[in-house]
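Note that the chains are named A, B, C, D, E and F in the order they appear, and that numbering of residues resets to 1 at the start of each chain.
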Amino acid sequence: MEQPRPVDSMVYPRHSGIATFMRYPHIPDARGLDVVLVGVPFDTSAGYRVGARLAPRAIRHHSSQVRLHHPVHDVTIHEAIRIADYGDVRTSPFDIARTYDWITEEFERIHSFGCKTIAVGGDHGITYPILRAVAKHHGPVAVVQIDSHTDTHDAQFGSKLTHATPFRRAHEAGLIDPKKVMQLGIRGSLFYPDDLKWSKEHYRMVPMHEIHRRGMDEVVADMRALIGAAPVYLSLDIDGLDPSCAPGTGVPEIGGLSTWQAMQVIQGFVGLRLVGADVVEVSPPCDANDITSIVAAQLLFEIAAVFAVNKAR
Amino acid sequence: MEQPRPVDSMVYPRHSGIATFMRYPHIPDARGLDVVLVGVPFDTSAGYRVGARLAPRAIRHHSSQVRLHHPVHDVTIHEAIRIADYGDVRTSPFDIARTYDWITEEFERIHSFGCKTIAVGGDHGITYPILRAVAKHHGPVAVVQIDSHTDTHDAQFGSKLTHATPFRRAHEAGLIDPKKVMQLGIRGSLFYPDDLKWSKEHYRMVPMHEIHRRGMDEVVADMRALIGAAPVYLSLDIDGLDPSCAPGTGVPEIGGLSTWQAMQVIQGFVGLRLVGADVVEVSPPCDANDITSIVAAQLLFEIAAVFAVNKAR
Amino acid sequence: MEQPRPVDSMVYPRHSGIATFMRYPHIPDARGLDVVLVGVPFDTSAGYRVGARLAPRAIRHHSSQVRLHHPVHDVTIHEAIRIADYGDVRTSPFDIARTYDWITEEFERIHSFGCKTIAVGGDHGITYPILRAVAKHHGPVAVVQIDSHTDTHDAQFGSKLTHATPFRRAHEAGLIDPKKVMQLGIRGSLFYPDDLKWSKEHYRMVPMHEIHRRGMDEVVADMRALIGAAPVYLSLDIDGLDPSCAPGTGVPEIGGLSTWQAMQVIQGFVGLRLVGADVVEVSPPCDANDITSIVAAQLLFEIAAVFAVNKAR
Amino acid sequence: MEQPRPVDSMVYPRHSGIATFMRYPHIPDARGLDVVLVGVPFDTSAGYRVGARLAPRAIRHHSSQVRLHHPVHDVTIHEAIRIADYGDVRTSPFDIARTYDWITEEFERIHSFGCKTIAVGGDHGITYPILRAVAKHHGPVAVVQIDSHTDTHDAQFGSKLTHATPFRRAHEAGLIDPKKVMQLGIRGSLFYPDDLKWSKEHYRMVPMHEIHRRGMDEVVADMRALIGAAPVYLSLDIDGLDPSCAPGTGVPEIGGLSTWQAMQVIQGFVGLRLVGADVVEVSPPCDANDITSIVAAQLLFEIAAVFAVNKAR
Amino acid sequence: MEQPRPVDSMVYPRHSGIATFMRYPHIPDARGLDVVLVGVPFDTSAGYRVGARLAPRAIRHHSSQVRLHHPVHDVTIHEAIRIADYGDVRTSPFDIARTYDWITEEFERIHSFGCKTIAVGGDHGITYPILRAVAKHHGPVAVVQIDSHTDTHDAQFGSKLTHATPFRRAHEAGLIDPKKVMQLGIRGSLFYPDDLKWSKEHYRMVPMHEIHRRGMDEVVADMRALIGAAPVYLSLDIDGLDPSCAPGTGVPEIGGLSTWQAMQVIQGFVGLRLVGADVVEVSPPCDANDITSIVAAQLLFEIAAVFAVNKAR
Amino acid sequence: MEQPRPVDSMVYPRHSGIATFMRYPHIPDARGLDVVLVGVPFDTSAGYRVGARLAPRAIRHHSSQVRLHHPVHDVTIHEAIRIADYGDVRTSPFDIARTYDWITEEFERIHSFGCKTIAVGGDHGITYPILRAVAKHHGPVAVVQIDSHTDTHDAQFGSKLTHATPFRRAHEAGLIDPKKVMQLGIRGSLFYPDDLKWSKEHYRMVPMHEIHRRGMDEVVADMRALIGAAPVYLSLDIDGLDPSCAPGTGVPEIGGLSTWQAMQVIQGFVGLRLVGADVVEVSPPCDANDITSIVAAQLLFEIAAVFAVNKAR
């Protein structure tokens, strides 16, 4: 298979052309590819301020800004790996369960070809059906979750499939290796006193004030030690970042991560066995002139660069 | 029962105080009331650009602008009728069917006391569960629908309960007197060639170009003749208005009604047996600095004034 | 005195340079000038949504768009009259009475040189102190008011000097010839049933529905007949326009004038003895990406063109 | 060749998938196609407020709203004609002349296959290089221009290739049949007294006040009579519409066309020999939450429907 | 008295219902309550960019996001203290002195029942009339002021009651214990060289560069030592935060506090005798899609949690 | 020459008056002045998202917020130096080379009088023609560039004069002392692997991660050692700041400088021989309610203060 090549932004201006993720070609077939970016334009499992269904398009548009070579890793992504924009998964805004099944099917198909996925949500609920697909091919995975909320509720408004429950569902279904789960950046008010209890008991939950006190270098070292050689999934809820960095999300929480700290976490995956990732909860209608979509596009670039440098090493 | 009184905007500035519809008192009990405004903050049955769940709050805020007396009808609404802000219906953003049941229950309770309702959506799907409640007390009702779309599809993405289907569902359930349905302002592109067929066969469908050609006076005269003495429900989808007047909606369609034309339709209800109404599909995230919420608040005032003047006559 | 010349937009792009009204030179001295544009950046007499204090700057910025020659009147404004940007009147956001005095003083000084004024508000309260100055030089004047509200209240929150009272105050002070006042476009809900009574008794109040019914040509003919040869002041509250045309104002009212209708009124002043004018209640923070400031700039151009063509005839 | 089919919005929600014009497939090869939509993301020939380079993407995104069947013409576009999204022309934001050459080359290639074009600008300057290509295949064409400005200046800031000059350049190059040019909606202030002279002498220039006075039905009848059987190009500058309908443009002018009037003009092309069209000067950064891109998408649908119904007849 | 309970956001979605502060019940009577949140929708004492009059409503709306339990203090606020939304104080936008009197009266009434207050401004001027009420019940209080400006001017535009003077007025009136005043985060350009002199002489003024150099832990320790056992009032001007965190304010100043640093200060009040607090100068019209209102809501939660944990200890 | 005095914001409110930089008088003649602020409203050399042509006006408007005295340097700028708003340079949006020539001519004229310049861009391309003028009077200068991009490309889309090439052009022309160039804050993805090579070979390029690791104090000390007694030019691309601090720019890059860090760099120029400066790439259409223009205005104040304190010492 030929190496897919992005549009060259030094020839075609970045505001031109049909928008795909990072100007990679649109290839709706994962055979022969190493990594695909997949849009999941679905936010019906969000319980409050919606809009994340519009994120894949907004991020595609602004990801044209991103260029091709990562200066710290010194890697040109599309040369190190075969990477493409897979397009969007089918969804029904009216039916969570059916959409989750469609998500699982599509991601299973992709992973069945040995291709890895970077999902662009959508709300955080989508991580559960993605993990169903990932675990089918990789077994129970380690998870690093950047987030202000643990998303380990049992139910919300009586529903089991929401953006507050994905890691509880994945846990119950045995998709996760609970010894190797790190939740980074947890903070903010709680519905009930015991909201964090389950996470504390089952996972390595790192509240944001711990990061403020210890510094990110130490925390990343802990993360790398915890994950070790396990296949690992990175789930980045954009509300893990501080609202100053990522205002465009349904439930921002003050006192969060800077973009630099989020980059440190992602760059900490060099050498780890990353098998999948997602960036979720970007909500263009909640945003300030799309700055959060721009930030998300650059974090997706950081993630893609890890896949590339890990392959290149 | 004492006559509920709104906050006096000549004493308390309009930007102050907890926001209720038109500054009427919040009374979550319909007994003794003539008309209540009810928020239905639900948009999960919208299939494209969401946000109408935020409309009741946005409209409450901007409805403070509205004053108390209607100069054309020469009626002070809260003196002619006992009217209040009932609050919002319970909803689950994850469950359309359950939410529709909650809507029906709450509206049944209200109508069971002889109180009439002005619903503030929410997406257009909510009209179906409201009509279930209205028809229970008033029998099959005449309907005047201001809209760019007929909303008489059978299903969308395989779902029967969506904002594209309320009048089909209501029709099937016998909640509507099909001989007395007028759809005003229909226009815009169609998914399939036969999209309008059902409406044309069953209802008096007035496409927008007919209104442009004949003028609104004639059309309103037709409407009054068609409805006659029947109990009638007015459903105003804000996308019936032209995008210049109401940009803040999920699916605006060019070539639509001016606010003046919408006012003409509403004022045409004087003397008719209006038993309920709604204003739906206002979407604050799609709006331009809340102008559509302001317009909607004033249309709600026009509707409330009709209830008042009809009672006062 | 040399004829002041605006910046030539065919030489210096319209987005460049320090922004003055229509790129006319800034001349803070009215001697020898025919007409000046004067900013009145004051909105403390607005009782609800403020922001009009920012209008003079926003309108200056966008008035660069306006060019120099009026094609219908066939007049190049700055050649027909000596016109300039006078700058802004001194104001204190904390003190209405004192600011009104400063306004009167500054406008008296300008009119004392035989120069006429186009004021750019600011809230509508400023028309009262301007009329104090205008009447001093021209005697009680005829007034044409384009507005959705009559602004003839006696007081608001116990205050006599507010944007709801200027024409009452001016009337009491004998600044207006009550037989020659026309209020155009009046509409919208009322605080109390008698809000319009005073206007109806004293003035020619033309409610908006009358304009919708009769058409603007007839109404303008009425206006010209009423004003005759009297010195006349034109006060244009931007909320006289429909919210679709002018969303950026504190209290928009649906069912209003189109920009074309407003232009018809202004062009109807050709041959009348126009001695002063204002455009008020543009509120940039309430606006949608400054479109109302753009509209206001073009209406100011229409007004300036009337001064020019009347002089040129 | 197989009939290209758009994404079915009743299967894939309209906010999902990579955005192409009206969800038609992206086919960068005109062979076998009847009509293509072509993006021209270029605004360097705009002299004031830029941003139109972002319009093709914004319009692609919002054109997902548009459905497939036109109810008035009763035609399903993609069944009547083979139509696709061709993608964007190559541009250099730094070089007007070179970009114009690229535009001409690309449009020549398309028309060389007998395929017609609907260009999505971009500023109005692009019409000149498009007409170079169109005239090569069709000879000098009739032109209907919907616009507030004539765009027949000779130069701007000393440059001959700008958005104020395309029809002058096309005229000089003999690309236009001057007897069959109609300019509709012209209005607004002029740089110099003679700005309209050239247009009046050479073309049928219909100022906006004439349309207000005579009504659009008469004007469209004139247009059809003037064009007759000639091959005709439709150039729709979005600022021909009133700012209430299309605020998102660099130089809006009050007193303009309603969307309904623009639709009347476009629908007036049924039976005419339409060989090309464009919609230009949509500027997302000047817009109010993308409403102008939505309006433009629907006008593009109207234009595409004319191609379809003309073929289908 | 029964313990007031907020709406349960796990039953009623957070976007639903009439908006009160943190969904606490609206109780306009302080008897039996420990703490009330009080809106003060007044910004006439702001001298530049206004809009803070709209903050109580915007913050009420977005405070629905906040949940009930504080994870660091491990306290459920509404169980530890009886807390409610008191509603808004009466104001007149036209009269600063009279409004200040109304504020003092209302806050005196509240404090007379032993209830403490968290005021939601409004501009910073309101702190003076609040302190008049607080000092009446608690004697001269210690003050911690988070702010970029000292607000200790003597007058502005000749007026003594403005948002630049509250602490000077309070000082003169003996409402403050000057030995126990700490001003945190002071920075930005000065009108005149001596602007800071008064503060430096009378208070412990901590400029922002000192915080950058020493770190917040040390500064908070200083603060706790300074305040000791005195009754203390916390006044948080949102412009104490960096513009990246709180863009929505009239006069943002670069180089300011992060939200995390503000949280550190607030959490430093555990064990202190907090008798009142305010959050002021949030200006929705100056904001970027309401992010500053969201931040303010979460800071109000932090303050309420201090009242709760101090009571609970 | 009399000392030019700014408008006193304690007399004339900051939202009033014709907007000039920091309310300094508009003096289009540099004779006798020490420093002028010069607008360069030009963005045609920007290759992606434009809008910087609107920055001089937006920054003028918001710079009214800035006061006159710098508390850290303890200097009142307009008393220490004669400083004014020079107005804008002539530009043609259609012609980069010609505009660059105009820029050079105008800046030469200014520097020929011994006056120094603070340019307000405009895109970064303008630094090259400014350096042509500066170097003519001061010889090859040292340069400190705060930026996320090195802007040392050789060409873009085949053009040599773009915002990606100014320092390459200046270098080739011998305008810069290459031993004394420091680039601060470089980061972000690269078009090609060697994008940074040239900078690394020729300049002291300090990538952002180095600043994160070493701290700004050390880096500023390096800078001062490198520059020494050389005449130095400061070029501040606003995208050197983190997107949280400066979202309003064409190509924001995550992980950047805080405003505090940018202030540290600028304050590090005390005692250095600063001969010119610019702030570029602020793009109001990309901004979030003008916060970046506010930030830029305050950074311009910091720069002006350095000129003042250096003169005053």
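Keep in mind that, in the parts below, a contact is a pair of C-beta atoms (placed from the backbone, for glycine too) under 8 Å apart; a residue touches a chain by one contact, two chains touch by 3 or more.
Predicted, not measured: the structure shown is a model, and the values here were computed from it.
**Student:** If you check the contacts of chain D and chain E, which chains show up for both?
**Tutor:** A, B, C, F
**Student:** Let me check something: if the centre of a chain is the mean of its CA atoms, which chain is farthest from chain A?
**Tutor:** C
**Student:** Based on the averaged CA atom positions, which chain is farthest from chain D?
**Tutor:** E
**Student:** From the C-alpha centre of chain A to that of chain D, how far is it in Å?
**Tutor:** 40
**Student:** Nearest whole angstrom, what separates the Cα centre of chain B from the Cα centre of chain D?
**Tutor:** Here chain B and chain D have centroids separated by 37 Å.
**Student:** Among the residues of chain E, pick out those that touch two or more other chains and give their numbers.
**Tutor:** If we look for residues of chain E contacting two or more partner chains, we find 11, 13, 15, 47-49, 53-54, 92-93, 156-157, 242, 244, 286, 288-289.
**Student:** Could you list each pair of chains that touch one another?
**Tutor:** A-B, A-D, A-E, A-F, B-C, B-D, B-E, C-D, C-E, C-F, D-F, E-F
**Student:** What part of chain B is in contact with chain A in the complex they form?
**Tutor:** Residues 43-51, 53-54, 92-96, 98, 156-159, 161-162, 285-286.
**Student:** Please name which positions on chain D make contact with chain A in the complex.
**Tutor:** Chain D residues touching chain A: 11-13, 15-20, 26, 39, 41, 53-54, 56-57, 60-61, 85, 87-88, 90-93.
**Student:** Which stretch or stretches of chain F touch chain E in the complex?
**Tutor:** Residues 9-11, 13-15, 65-72, 74, 76, 242, 244-245, 258-260, 262-263, 288-289, 291, 294-295, 298-299, 301 of chain F touch chain E in their complex.
**Student:** Report the residues of chain A in contact with chain E in the complex, numbered from low to high.
**Tutor:** 47-49, 156-157, 187-193, 195-196, 207-209, 212, 242-244, 247-248, 251-255, 286-289
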